[in-house]
Amino acid sequence: MRKKIVGVMGPGDKATEVDVQHAYRLGELIAQQGWILLTGGRKSGVMDAVNKGAKSANGLTIGILPTDHQKDISEAVDIAIFTDMGNARNNINVLSSDVIIACGMGAGTVSEVALALKANKQVILLNNDAESKIFFKKLSPENVHVVESVSEAIAIVQKILI
Amino acid sequence: MRKKIVGVMGPGDKATEVDVQHAYRLGELIAQQGWILLTGGRKSGVMDAVNKGAKSANGLTIGILPTDHQKDISEAVDIAIFTDMGNARNNINVLSSDVIIACGMGAGTVSEVALALKANKQVILLNNDAESKIFFKKLSPENVHVVESVSEAIAIVQKILI
Amino acid sequence: MRKKIVGVMGPGDKATEVDVQHAYRLGELIAQQGWILLTGGRKSGVMDAVNKGAKSANGLTIGILPTDHQKDISEAVDIAIFTDMGNARNNINVLSSDVIIACGMGAGTVSEVALALKANKQVILLNNDAESKIFFKKLSPENVHVVESVSEAIAIVQKILI
Amino acid sequence: MRKKIVGVMGPGDKATEVDVQHAYRLGELIAQQGWILLTGGRKSGVMDAVNKGAKSANGLTIGILPTDHQKDISEAVDIAIFTDMGNARNNINVLSSDVIIACGMGAGTVSEVALALKANKQVILLNNDAESKIFFKKLSPENVHVVESVSEAIAIVQKILI
C-alpha cells in the first residue's frame, strides 16, 4: 500500500503572517497523521513553513521544484524532485497529491486549485478571502471544501483519505 | 519581426452558446488584424469555434494539444503542437501568447488565467460571470481587463500589442 | 488538411561547419517543398542555420523554445512557442514533427532521436559519425535512415510524407 | 541534509532476463546503502525489478510516472509522482537523481542517458551492448562509466556521492 500524500499549496513571497502560521501547524499535523507532505518545495512562504512544521514532527517531505538547481529549496524538504519546468510543475503537484489544501491564495495557488479541480481532486480552502471562497465554491460545489481552521482542514482530509 | 500571437482560452464541452458565438467572432477579427491565433487546439467549445472563425478569415492557427495523437483536434488548426502533457500544457499556451483572451470560464480556463497572471501577461476576460470578474480583478488589478463585447476585447488587444 | 511539419534537430554551440552548411541547405529545400520547419528555436548552430535557410526561401518556421523569455531565439523563427521546460521540450519537438532529420549529433540531439524512435517516428541521420549510425541503426533498424547528403535526406522525407 | 537519490533507468517490456536480475540486485544494494531509489515507476522490466529489490531491503522508492492514473505502477513504489507528461518525464527522472545507472538499453533509456549527460550528470552503464558503450563513451568520455557488474556499479556510485 502506497502512503497517502497531502499536498499543501500557497503563496511564496506574498504569504501573510497568518498563512505562514497555518502552514507550520498544518505540517505538524500532517506528519503526526503519518501522511507524506508534498509542496512546490521553494524556500519561501507557505511552502517553507509547512515543510518546517512537518519536519518538526518527523514527517517525510517532498518538494516538486520548478527549477533544476540547488538554490531556493526549503531546507526542510527531504526529497527534491527537479522538474525544470517552471509553473507547469503545478500540474504535477496536484496530480501527485491525494488531496490538496490551499493555504492562502496567490496566482500560482489559483492555478493549482483549478488544475486540481480539473483533475477531479478534492480541494480544501484555508484562508480569509471571501472572493476566493465564492469563486471556487461556484466553480466546483462538490469538490471544494471551505474551512476556517487548521484542525477543520485536517478533519476533512481524514474523511477524504479513508 | 515575429508575428504577434493572441491566445484565446475557454471551456470545451461546457462552453455556452454565447461563448461559442463570441469565440467564432473573435477568431474572425484576430485573423483580420493579421495576428496569429493560439489555442489549446481541441475540437470542442471555444477552442474549435475560434479556430473556425480565424480560418473563415484566412488566419493562421496554432493548437497546443494536450495529447500526442490525431484525435480530438479542431480541423481548423493549421499547426498542431503535440505536447502529450495534459493540462500542464496550459502554461505553454499562456507563455506563448502575447496577450490572452478568456472567453467563458471553466476549471481549465481558470488555470490559464492564473498562469498568465503569474507570468505577468495581460488577460482580457470576456464573459458574463460576476464572480470571475471580481475574483480575477482583485487578484491582479493591473493585468486583468474586463470587457463586455468582442469588439471591446479586440480594441484592448490592439492597445496592448502596439 | 494540416500542413506537414519537418523537424530538424542538431547541436547548438558544438555544431561543426559542415553541420551548419547542411542545416542552411536543408532549410532552403524544406521551405521550397512547402513544408513547415520545426526546431528547438535557439540562436545557435544547426537550429539557427536551418531557420535562416528556410526564411531565405520564404518558408514558415516554428521554434519550440526551452525558456520563457526573448533571449537566445533565432531571428529566423516566425512562431516562437515558449515552453519554459528546458530539455523536456525535446519530446514536444519530436511529437510535433511528421518526420525528424538529425543534422549532426550532440547529447540533446541524441535525446531527440531516442524520443522520436520511442514515439515510433521516422528519423533521418545526416552526419559523419560512424558510431551514431551504428548505434541508432541497431536500436531501430526500420525507423532510422542513414543518408550522406542533404538531397538524399529530402528525398526520404518526400517518400515518408506521401 | 537531503538524502541521496540514485536513479535506475532501463527497459520495460524489452528488458532481458539479465537486466531484470541486475535490477533486482541493484535495488537491494541501493537500499542497503541508505540511498533513495528513483525510477520511471512502471510495473515492467527494470523499473519493477529494481523497486522490488529495494523494498526487499526496506529501502524508500520513488516512481516518476508518465501518466496520471493508478494503472501500471510498480507495487514496490512507495511514492508515486504523477506527471501525466509521457516521456517528457524522462528529464525529471535524471534531473532528480544524484547519479544515474542505466541497466540495459532501450529507446527510452537512451533518451535518459542523453538528457543526463546534457545536464552534466554522471551516468553508469551496466549492460552487454558494445555499441552503447562505444557510443556514449565517445559522447561524454568524462561522465560515462562503463561497468561489468552490479557491485562495480555500486562502488562507482559510492565514489560519486561522497
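Letters are used for the chains, namely A, B, C and D, taken in the order the chains are written, and counting of residues starts over at 1 for each.
Criterion: a residue touches a chain if its C-beta (ideal position, glycine included) is under 8 Å from a C-beta of that chain, and two chains touch if they have at least 3 such contacts.
Per UniProt, the chains are A, B, C, D = TIGR00725 family protein.
Treat the numbers as computed from the prediction; the structure is a model and nothing was measured.
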Self-check item: Relative to subunit B, chain with the most remote C-alpha centre
Solution: D
Exercise. Could you grab the centroid distance between subunit C and subunit D? Build each centroid from C-alpha atoms only and quote it in angstrom.
Key: 28
Quiz item: Taking each chain's centre as the mean of its CA atoms, how far is subunit B from subunit D in angstrom?
Solution: 40
Practice problem: Two or more other chains in contact with one residue: find those residues in subunit C. | Solution: 68, 83-88, 91-92, 119
Quiz item: What pattern do the touching chains form: line, ring, star, complete or other?
Solution: complete
Quiz item: Can you list the subunit B residues touching subunit A in their complex?
Solution: 85-92, 105-108, 110-111, 113-115, 117-119, 131-132, 134-135, 138-140
Quiz prompt | subunit B residues touching subunit D - in the complex, by the definition given at the top | solution = 68, 83-88
Quiz item: Along subunit A, where are the residues that touch subunit D in the complex?
Solution: 2-3, 5, 36, 62, 64, 68, 77-85, 91-92, 95-96, 119
